[in-house]
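These are the structures, in structure tokens.
Shared between the two complexes below is chain A, which pairs with chain B and chain C, respectively.
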Partner chain A sequence: MIRLERRPTPSRAWAAATPVLAVVLTMLAGGLMFAALGKDPVAAIRTIFWDPLFNPQFAAYSRPQLLVKAGPLILIAVGLSLGFRAGVWNIGAEGQYIAGAICGAAVGLAFYPADLWLVFPLMVIAGAAGGILWAMIPALLRVRFGTSEILVSLLLVYVAQNMLAAMALGALRNPEGGGFPGSRNLSQYPAAANPELIAGTGLHWGVVAALVAVVGAQWLLGRHILGFQIRLAGQAPRAARFAGVRPDRLVVLCMGISGALAGLAGLFEVAGPAGQISIDFNAGYGFTAIIVAFLGRLNPLGILAAGLLMALTYIGGELAQFMLGLPAAAIQAFQGMLLFFLLALDLLSNWRVRLTVGRAA
Partner chain B sequence: MDFATLIQILDSTLRLATPLLLACLAGLYSERAGVFDIGLEGKMLAAAFLSGAVAFVSGSVWLGVLAGIGASLALSAVHGLASITFRGNQLISGVAINFLASGLTVLVGQNWFELGGRTPALTEGRFQPITLPLAETLAPVPVLGPIYSDLISGHSALVYLALALVPASWWLLNRTRFGLRLRAVGENPAAVDTAGVSVVGIRFAAVAICGVLCGLAGAYLATALSAGFVKEMTAGRGYIALAALIFAKWRPFAAMGACLLFGLLEAVANRFQNIDLGVVVLPVQFMQALPYILTVVILAGFVGKAIPPRAGGEPYVKER
Partner chain C sequence: MNRRTLLASAALAAMALAGTAQAQAMDKAKACFVYVGPINDGGWTQAHHVAVLKTQEHFGDKVEFIWQESVPEGADSERVMTQMALSGCNIIFATSFGYMDATNTVAAKFPNVKFEHATGYKREHANVTTYNARFYEGRAVQGHIAGRMTRSNKIGYIASFPIPEVVMGINSYFLHARKANPAVELSVIWVYSWFDPAKEADAAKALIDQGVDVIASHTDSTAPLAEAAKAGGAVLGFGQARDMEEYKPLPRVASIIDRWDAYYIERIQAVLDGTWQAQDSWDGLAKGAVEIGEFTGLPADVTAEAAALRDSIAAGTYHPFTGPINRQDGTPWLAAGQVAPDGDLLGMGFFVEGITGDVPK
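For the complex of A and B:
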């Protein structure tokens, strides 16, 4: 008979091992899924996880893409992880990402074609502000009316998507674009562009910001009173209240930080890799970042590793799209499976499995 | 706005409220039993896909509905396993379901029909409108005639089924032993356990009912509301249904009212695409976003004090 026994404290060994195990299980289950669809499972897994890095034919293009895709994922996930730790569930980072991109791009386009050094810094501020603004809606509604921030932030993603379409077709449309939807290309406007900083690496300002965010979050959680309050509020809400932590303040701060980082991610994307505001500008980074945060165990350094891995699946997914004819959505199925395995395996870090032979307990 | 337009808007309100109502009742069972489910969206999506696909291949709409229920039940089982058996976070499990569904539907759909993730348009294998008795005869009667023949009559079977499920759910939850246990499991599972009833069993039953209802909601989207599956066709309806559930304070009749209200918002947004305010013309995207915005407004402003089931979101651990 199998019995579960609660561990006094979560096992550190299992907490570190579960993400790795979950990835392995996802590969196996993904292989089965591809086999069931009549694709060669080994080829599919190799195309997604191996070829982008090591196949000489694709690696030259794919390796820089790793940082390009990991940057926004890590940036958003670090912000989310703070909230998740405190029990503030910002599930709609995708909306904040879009809002940041729109605000940042709008500031950049307003200055076009002025060649001022000030333009890009102003865009960065506007991007963060846009994300904060969008995140404050669910935060303040929760604080003021007790509304579920989960639902509000999710619903606002749909609003943001419609706003994006309206901007691409209306206010921000390129006046010299011949009527096509989409804004001017910011990456061709030097004062507003977010270029590759070192050629051939994919490193842009967004990646730098992501690394700063990782270090900052590590410091915040380990060394700052706010980080302590975040951890305390998540683990023992009652104790946190006695210790003088104001829950409302924490909700606003956590949503604000995650909104700002998501907005920044959107801005760096629109000014760099994406280049312009277009109808299909958002690629689901805000949602995938949720998985990155959990895969990284809500730990900044873990998120760094998880973000790189998730970026790999994005690139591998694109590769599989034209090599094997798999639709891009295959990656979402992969990500969903990964999250499930992670969740199920988490049992092992909080509970000890005991096999009792013979008599029932 | 004349009377005929009003009837048309109310008619499409009823049609658009049906998937919301089915999903909302699905969430009601699950959440009343203490299992939060943000994965309604994903379950509806999976059900919509499989029902559309099977209805096309078999030509039978009822086989399609069954397949949709099957798909939704499978995801429900995964959710139950992760959040009840493995005691995982119910929110994350739901998010994972949504990922899985939006990925798998397109992946399998592309592999099966090669239409970029959609299913072929249904010609047969769709729900046909049911004309209620005497609808034709009564149509000329002023005011009441059009209300009966255009608004109440002429919907698909699932619309009437959804409406019938409202009193049925009320009766099941409030007047049967199973209902009492289900509600108790959501409020105080330890008490139910002490009485010798399996908490895990009741919660799995609730999650299964939730799966069946979500399956119906998804099947309705693909085989009645439109003809076939389109990727991401649920468009946040699962989340709106959850908002309606909170608005209704987890009660069946109030849920019907909330869903009809949200259906009305969508119907109005569909009807009036561009609104010219004289100074500015509101773009079509604004009207499309309006149902979501109003849902947020209603959720924040008019809910009053909504108290969720006490044990909601908590995995139950038997004490020893």
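For the complex of A and C:
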């Protein structure tokens, strides 16, 4: 019979192998699902994973789009991963993303149509500040009153969504928009725009910020005392306390950093690819980033890879929808499988599978 | 830059060059559709899709059809249309108002691909056409029925966005209800979505709670009729975009049916013939672009009056916006006998006299 035995320390080999294995299993299970839908599974998998990168017809366009889609995911996920490592569960990055976008866009729109170089830097500061403010609500409530930051941050997403709708319909609405909700298009206002930095690459300031965040987080975790405290607090909370880590300070810091990065992601998105505040501006990046953080094993470099992979399934999924006529729901199920297999296989890095013959344990 | 990128860039360059060539007749074409809702939304998108399937039947193997459902208005629609153009679509139909900027942006990059934008007004490039139907003609018939059938003298309207298209429908509905019944009062609820069955149902409930007993809607789902049906015949409604025959004979007493197939066949044929020209198309009852569905559950005299109104509009002997009509603030808009110019209708941002409440600003 099969028995599970806890490993004394998590297996490094398995921890590295499981993401790859999860992707392979997702391809197999997803292929079965596509076949059941009457589509050629090989063509579907190829359209999702290969065509956006290498198909001569699409790749020149979709490869840069990969960065556009992965940028905010990576930026948010890096911030979340610091908290997750320390046992601080910020589930509401989507709300902080919205708050950052609203604050940043409001600053930009306030200057319209002034052509000052200062506008964009101010928007960036406002975006980060908006994200921090929104994250401080659950952080301070937890520190002061011991509330669950999981619930508070999650529920604040819905508050942020309603604020977003109110802004798109009210204060930030384009006065020349013919009655349609939504702000002015920031990407058409040069001083406030977050444009493509090198034509044809998809690289915008948000992608740059994501790369900086990856390097910064790697350095923080490896070389800085705060990184040590984060790791210690997550692995051994009691030991951390004896080592002088102040848990409250850590909660505020982790929530603040993840809020700031989510807010920045929102700002870069609203000033660039999305262009405007609209009622449904948020596209779920804040939630998908949670998947990306775990898919990347809460490791900055892993998150970089995971963000790109996740973006690939989005872009490739869209291609598969209209090239092969796959329903949108099948693509979402496919993405869900990826997380499922990853979490299921996580077992193998912490547990050992033992086959015992003939004797009961 | 590796070889693949080079090849892809070369392919793009070749496509751009081809764009400068003269339009030529072709043997085969590829027509692509971007939908704002799911193809089974019961209303707007389904009406488009029904037309697409009819068009597909008409052309057989000569034209390849692809579509993508539930494409959000904004950055995502731009990517979807770009990928469609890259996949070799000759003509792309963007079937929602919110795709307006994205359609024009993508059209600039693919001068050789024809773009058709439903219900918009921006034609910034020689390869962009806009098309719409005179739904306000159908609203006049609905308004007449509402005025004759209401017992509480309270009628309702579930509106999506405060854009001219919607405002014009509300005005037409109200004017003809008042004409049939001077005591009638209109309540308008804005739901700020094209397709959100839960919100649409809530709006219908709110109207019914206020004593409204005839509800028209300018949203895409059947939810308002489903709510009306719960009143067991005491509340009437209309099919919108599709006949919604599943709610016959009550609460659905008539319907506005969008008939896009004739237009789609004509435009795709023009692409095949090499005669496609940018234009602005706005047909109504006369050409069959708008159809009034069967009258059900109405007294014989009301049916006869509604049919007569429909026929007079179709024959061109009566225009639904014929003066004297004042604006809501009492200032004159149309003098006695004057017919509204199309330009006034397409930019309509005001309610007519007698409607309470404001067009959201």
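By definition in this document, the second predicted complex is superposed on the first by the 353 of 361 C-alpha atoms of A that agree within 3 Å, B and C clash if a C-alpha of one lies under 4 Å from a C-alpha of the other, contacts with A are read in each partner's own complex, and residues count from 1 in each chain.
What we mean here is this: a residue touches a chain if its C-beta (ideal position, glycine included) is under 8 Å from a C-beta of that chain, and two chains touch if they have at least 3 such contacts.
Keep in mind the model is a prediction, meaning the values are calculated, not measured.
Using the contact criterion defined above for the overlaid structures, shared-chain residue A:L141 touches chain B, although it does not reach chain C.
By the touch criterion defined above, A:M323 reaches chain C but does not reach chain B. Of the two partner chains placed by superposition, only chain B is touched by A:I291; chain C is not. Within the superposed three-chain model, A:A165 lies in touch with chain B and with chain C [touch as defined at top]. In the superposed model, A:A344 makes contact with chain B only, not with chain C. Once chain A of one complex is fitted onto chain A of the other, the partner contacts of A:F58 are limited to chain C, with no touch recorded for chain B. Judged by the touch definition given at the top, the superposed model places A:D280 against chain C, while chain B stays out of reach.
For chain A, the partner with contacts to more residues, out of chain B and chain C, is B.
Residue overlap on chain A between its contacts with chain B in one complex and with chain C in the other: 165, 169, 327-328.
Of all the residues in chain C, the ones that touch chain A in their complex are 4-5, 7-9, 11-12, 32, 66-70, 72-76, 79-80, 82-84, 86-88, 97-98, 101, 161-164, 167, 192-193, 347, 349, 359-361. Those residues of chain A that touch chain C in the complex are listed here as 54, 56-63, 65, 165, 169, 178-181, 185, 273-276, 278-281, 283, 315, 318-319, 321-323, 325, 327-328.
For chain A in complex with chain B, the residues that touch the partner chain are 6, 33, 37-38, 89, 91, 137, 141, 144-148, 150-152, 154-159, 162-163, 165-166, 169-170, 287, 290-291, 294, 326-337, 339-340, 343-344, 346-347, 350-351, 361. Listed in rising order, the residues of chain B touching chain A in the complex are 38, 78, 81-82, 86-89, 91-93, 95-108, 110-111, 116-117, 231, 235-236, 239-240, 242-243, 246, 283, 285-286, 288-289, 292-293, 295-296, 299-301, 303, 305-306, 317, 320.
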